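Okay, got some structures for you below.
Okay, so chain A shows up in both of these, paired with chain B first and chain C after.
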Partner chain A sequence: MLQTISYLYQVADVFAFLVLAAAGLAIIFGMMGIINMAHGEFIAVGAYVTTYSYQAGAPLVLGILLGSAAAGLFGIALERTVVRRFYHRPIDSLVATWGISLIMTQGALLLFGSGAPGVGTPFGSVAVAGGSFSIYRLVLLLIAVLVLAGLYLVFMKTRFGVHARATMQNAAMARSLGVPVDRVYAATFGLGAALAGLAGGLYAPTMTLSPMMGGSFVIEAFVTVVAGGADVLVGTPPAAIVLAVIKATATSFYGQVYGVMGLLVAVCIVVRVLPDGFTGWMTRRST
Partner chain B sequence: MKNLLSLVNGPQTFGQGRTFWSAALLLLVAALFFPLFVSNYTVGNVAFFAVWVFMALGLSLIWGYGGMLSFGQTAFFGMAGYSYGVIAINFGQQSNLTFLSLILALVMAGLLALLIGYFMIYGRITGVFVGIVTLSLTLTLATFVNQTAGPEWRIGRARLNGYNGMTRIPPLSIPWVDGKLYFEGTAFYFLVLALLVVTYLGLRILVNSRFGNVLVAIRENPDRAELLGYDIRRYQLAAFVIGSTLAGLSGALYTAWGQFIAPASMALPAAAMPIIWVAVGGRKDLTATMVGTLLVLWLFQSLIVISQQYALIFIGALLLVTILFTPGGYLVWLMEHWQAYTERRRERAVPLPSGRPVAEGAAE
Partner chain C sequence: MLLATVATLATTAALAQDKPPIKVGFLEDQSGEIALLTLPKLRGAQLAVEEINKAGGIDGRQLELIAYDPQFDNAKFQEFTRRLIDSDEIDVLFAGATSASREAVRPIIDRTDIPYFYTNQYEGGVCDANMIGTGGLPEQQLSTLVPWMMEKYGKKVYTIAADYNFGQISAEWTRKLVEENGGEIVGEEMIPLGVSQFGQTIQNIQAAKPDWLMTLVVGNSQASFYEQAPAAGLKIPMGSSITIGLGFEHKRFKPPAMENMHVAMNWFEEVSSPDADAFKQRWRAKFPEETYINDMGQNAYAAVYLYKKLVEMAEGSTELADLRTQIATGQACIDAPEGQICIDPKSQHVSHRMWQVSVDAQHNVTVERSWDKVEPYWLGEVGCDLTQYDPKEQYTPSYLPEPQ
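Entry: the complex of A and B
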């Protein structure tokens, strides 16, 4: 009983982590076809702003929202100045955003040093069937589901969503029909960055703050996006579920490192058998 | 054979004709006599720079000529480095098998590249995904080796030693008249120099051969190359394996040089260094890659003495500026402008009666 519950808890925990870590990256990739190598640094921005506002006396929820907003604004600024020059050469965008990532990490090291004050994990834990489970982790699962639901609403029910989906399908056509494509791109990049900041803020209480902390998100974010494919709504959730089961299983049998290696192996197999990842699989089934 | 050698000049490489090769020869002679005039420390340092050039040339083949941006060349670097360490510690010292260890290390790196390359390229992963899959690979390997600190992580007599890295790895050596010749200091420098000349010329022949031309055709337009009847996956996989084996050569040589290898050489930011070396000089040309790599390494080493953070920020900014303004790299940009300039001058200097510019023979 306890084993089953703790296994399910593990899967849920990993699922939440994968969704939150990957959502921002997936949105930007799905829309512009570029991978933001500075994704981990946006996560760190969120975590830093959250922690410092918490230290300054703000409630944690407000701190997380501030962290997310700061990352989002930073993302928009970066899109306007640098990233927009790379939409027609996506591979170079990897290199450029990696340069940005390097500058941000090392700049943060100079500004903040390598360590920082922490935030304690809130809510304590709950005892079920003799085991103890952190409530905060369950809240994170709830938020991950809410994020997916929120993205669904934004992309399917709002004017921005219509514009965004039109741009995704055919940017030239959308532009000629009067969709402000440039602004859609900027807003999407900002949304992706804000989601990265949200992930950073949410996980700030559970890990040590450091300028390199983004590094502990990027492998998971990358593999989820690769397995999920281009559509964050259709591809990311099934990819996150499958990868969460694999990682939780490998972790509980062999340990943390084998969890990560299991992810990599799983992704290699997924892309070999499913072109375009789970997005391709889901869309082929539905048509 | 003569046909093969004539391929060192061709459409895929800059620098041909008498001027270029005379300069190259002069540089080689200078490199040969250089250890006579400087301290042992400088010789070792230059050898250390040159060790990285193999990885850069390999990435130039994969990214510049093949169009696949691999962010994870350090995975093969580390694979070969650790393989060399494990094999050399177990068998190298007493039975004079260090060079066999080097070759086996290259085989290991090549096999890893074959495995990952097969899943990627035959899984039709292209574009940006190649970058993040390979980066995930090298970061995962680094994470894995990081936790091998315990005494249970040993292969024969070699302890992996986790985060702190594997130590006391024997250097390259061969039997010699009075015992052994160790490739350290100046001997190591000459070994690396010889390997570098062979690799550079070999790659020039490779990229100007039919294989290289098809590879460039695939880079320019994969669909067209495929419609012309080429199995593009085979060419891409071959380029990936060759380039990654060269990264392995860097790794094995580095390990033999420092008698040490640690997982940090597979983690960020080490993983992204090759990208910078290759991008700044010019990824689409082997000569530009080689010169650019040495320049960036020298610049980085001069800066890191002042402050590691500022050095990395500078390198990041250099990369960003390069990719924004001269996406092909500075040296390639210079070479292209120089070529255009000389051609314009020649057109103006010797107009034929018909008004057509003179083509001054293929030797030029």
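Entry: the complex of A and C
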């Protein structure tokens, strides 16, 4: 009984982490084709703003929203100044965003020092069937599901979503039909950055704050997006579920080293068998 | 990327003198995963160099500190070590916090006649005539702590450790000590560096039901364990050789994350004595922003003075052979902020004044026990004798020197 609950909780926990870590990247890399090496730094922006807002007296929820908003605005500013020059030049975008990443981590190190006081995880724990589980991690799962649902609504049901999908598919055609392509690019990039900031804000209470903290999200984020493929709605959720099951299983039986190895081996196999990731597989099935 | 910052201390007085300065090469991470903990090393060395220079230098020669930032990258440690040797022409090297970086530096410095101070606490066992180890060792930290923890909390122990040489060998030491004392290791998990999510590890620990936990996790990401464990309801006595005095988690995490943590180490900022208090005052006058003067900072500071002592004993010579002749006398001792420390001729590691502390729910630190002098005896006991033979090896409880 405890083992089953414990296992399901672990899968849920890893799933939430993968979805939240990857959602922003899935939009920026998956949809827009920008290999965003500064993804971890967007996450750190969210975490820092959340923590400093909380230290200044704001409630944690408000702090997380501020963190997400700050990362989003920062993303828009970067898109306007740097990233917009690199659409359809993925390798150049890699170098440019890597440079941004280095400037941001070293800059944060100079500004804030290499650490900051923590927030503390809210809600405590719940005891079930002889084990105890952090309630906050279950809240994270709920938020991960809400983020996916929210993305579905935004991209499928709103005018902005239609414009965004049209722009990413064929920018010239979209422009000739009157879509404000430049603004759509900026807003979409900002949305991706805001989701990264949200991940940072949500995980800030559970982690050590440091300018390099985004690094511990980046591998998982890229792995999930690569396995998921280009479409954040169709590809990311199944990729996150499959990878969560593999990682949780390997970790529970053999420890963290095998959890990390399992994740990387799994993504190698996925990329070999499904070159377009789960997106390709899902869309093939539906057509 | 050569983003290295060159921090050369002004040697104003040196200009007027004709004796050339002593060049001190210094490599510690100023950025990267563990910079929070290693920056105090740079500041400790800066403080010591400044004090020594003000007081007239070593044998009339000023010290010139040449520091680069290896950014938690072992390849950069090697690159900068070569640069310090070849273009800066250093007289002495201070380098490395992690055991991985030390093992990266050692083969390079071993091909020279430059003395190398490794100022970190570590898993022990390096028997190398170039290296002088000035940090705490397993026989000083773990041999004191583990039996006490077993007596107080029980014989079932679970170890989580960073997955590299430090964590692996420290876990081996823990296993050896637990078994020698009639206990049992009910679980042992290695954590890759950079891992920040511990949900499954926490449940593995809960399932194994240990009496206490040995935590040997390293770096900012892994330190997240201390936040996530109590949040998941895991409240258990913990022992460690690197928290509090080194990582000052009790200052970084919101209480009661570090409650019931027990550590044996040669320095905690909380320790008080006339020497320690005066040292803390000087440090805070120069670096008022310091969160915590950690063990790394104290060790780096003391190591510069230990070097000064050796050069003075050798009547101004900075040659490794002359310094080693002085080490062989067994009289190379200084009064460090922690207390007196002496270099053991056989292993070239130092004896320490040791403290064992515990942390309460409000993150107050209490000294449980202390020892005036704990010798670095293990290497000498198993057969390392650098006065006779220089194998340049690292030994562990399962890899012992061949009888000579």
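Simple rule for what comes next: the second predicted complex is superposed on the first by the 287 of 287 C-alpha atoms of A that agree within 3 Å, B and C clash if a C-alpha of one lies under 4 Å from a C-alpha of the other, contacts with A are read in each partner's own complex, and residues count from 1 in each chain.
One rule holds for everything that comes next: a residue touches a chain if its C-beta (ideal position, glycine included) is under 8 Å from a C-beta of that chain, and two chains touch if they have at least 3 such contacts.
Everything quoted here is computed from the prediction, not taken from an experiment.
Superposition of the two structures on chain A leads chain B and chain C into a clash. Contact with chain C, but none with chain B, is seen for A:121 once the two complexes are overlaid on the shared chain. In the superposed model, A:99 makes contact with chain B only, not with chain C.
Applying the stated contact rule after C-alpha superposition, one finds that A:162 touches neither chain B nor chain C. When the two complexes are overlaid on their common chain A, residue A:260 makes contact with chain B and with chain C alike. With both structures placed on the common chain, the touch criterion links A:69 to neither chain B nor chain C. By the touch criterion stated above, A:145 is placed in contact with neither chain B nor chain C. By the touch criterion defined above, A:109 reaches both chain B and chain C. Shared-chain residue A:225: touches chain B; no touch with chain C. In the superposition on chain A, contact of A:14 is made with chain C only, not with chain B.
Shared contact residues of chain A, touching chain B in one structure and chain C in the other: 102, 105-106, 109, 212, 215, 256-257, 260. Residues of chain A touching chain C in their complex: 2-3, 6, 9-10, 13-14, 17, 102, 105-106, 109, 113-115, 117-121, 124-127, 131-134, 136-137, 205-208, 210-213, 215-216, 248, 251-252, 255-257, 259-260.
Partner chain A is touched in their complex by these residues of chain C: 1, 3, 31-33, 35-36, 39, 163, 189-192, 194-197, 199-201, 203-204, 206-207, 220-221, 223-224, 227-228, 230-234, 251-254, 257, 289, 291.
Of all residues in chain A, only 29, 33-35, 82, 85, 89-96, 98-103, 105-107, 109-110, 212, 215, 218-219, 222-223, 225-226, 256-257, 260-261, 263-264, 267-269, 271-273, 275 touch chain B in the complex they form.
Contact residues of chain B toward chain A in the complex are 67, 69, 71, 116, 119-120, 122-125, 127-129, 131-133, 135-137, 139-140, 143-144, 147, 267-269, 272, 275, 279, 308-310, 312-313, 315-317, 319-320, 323-324, 327.
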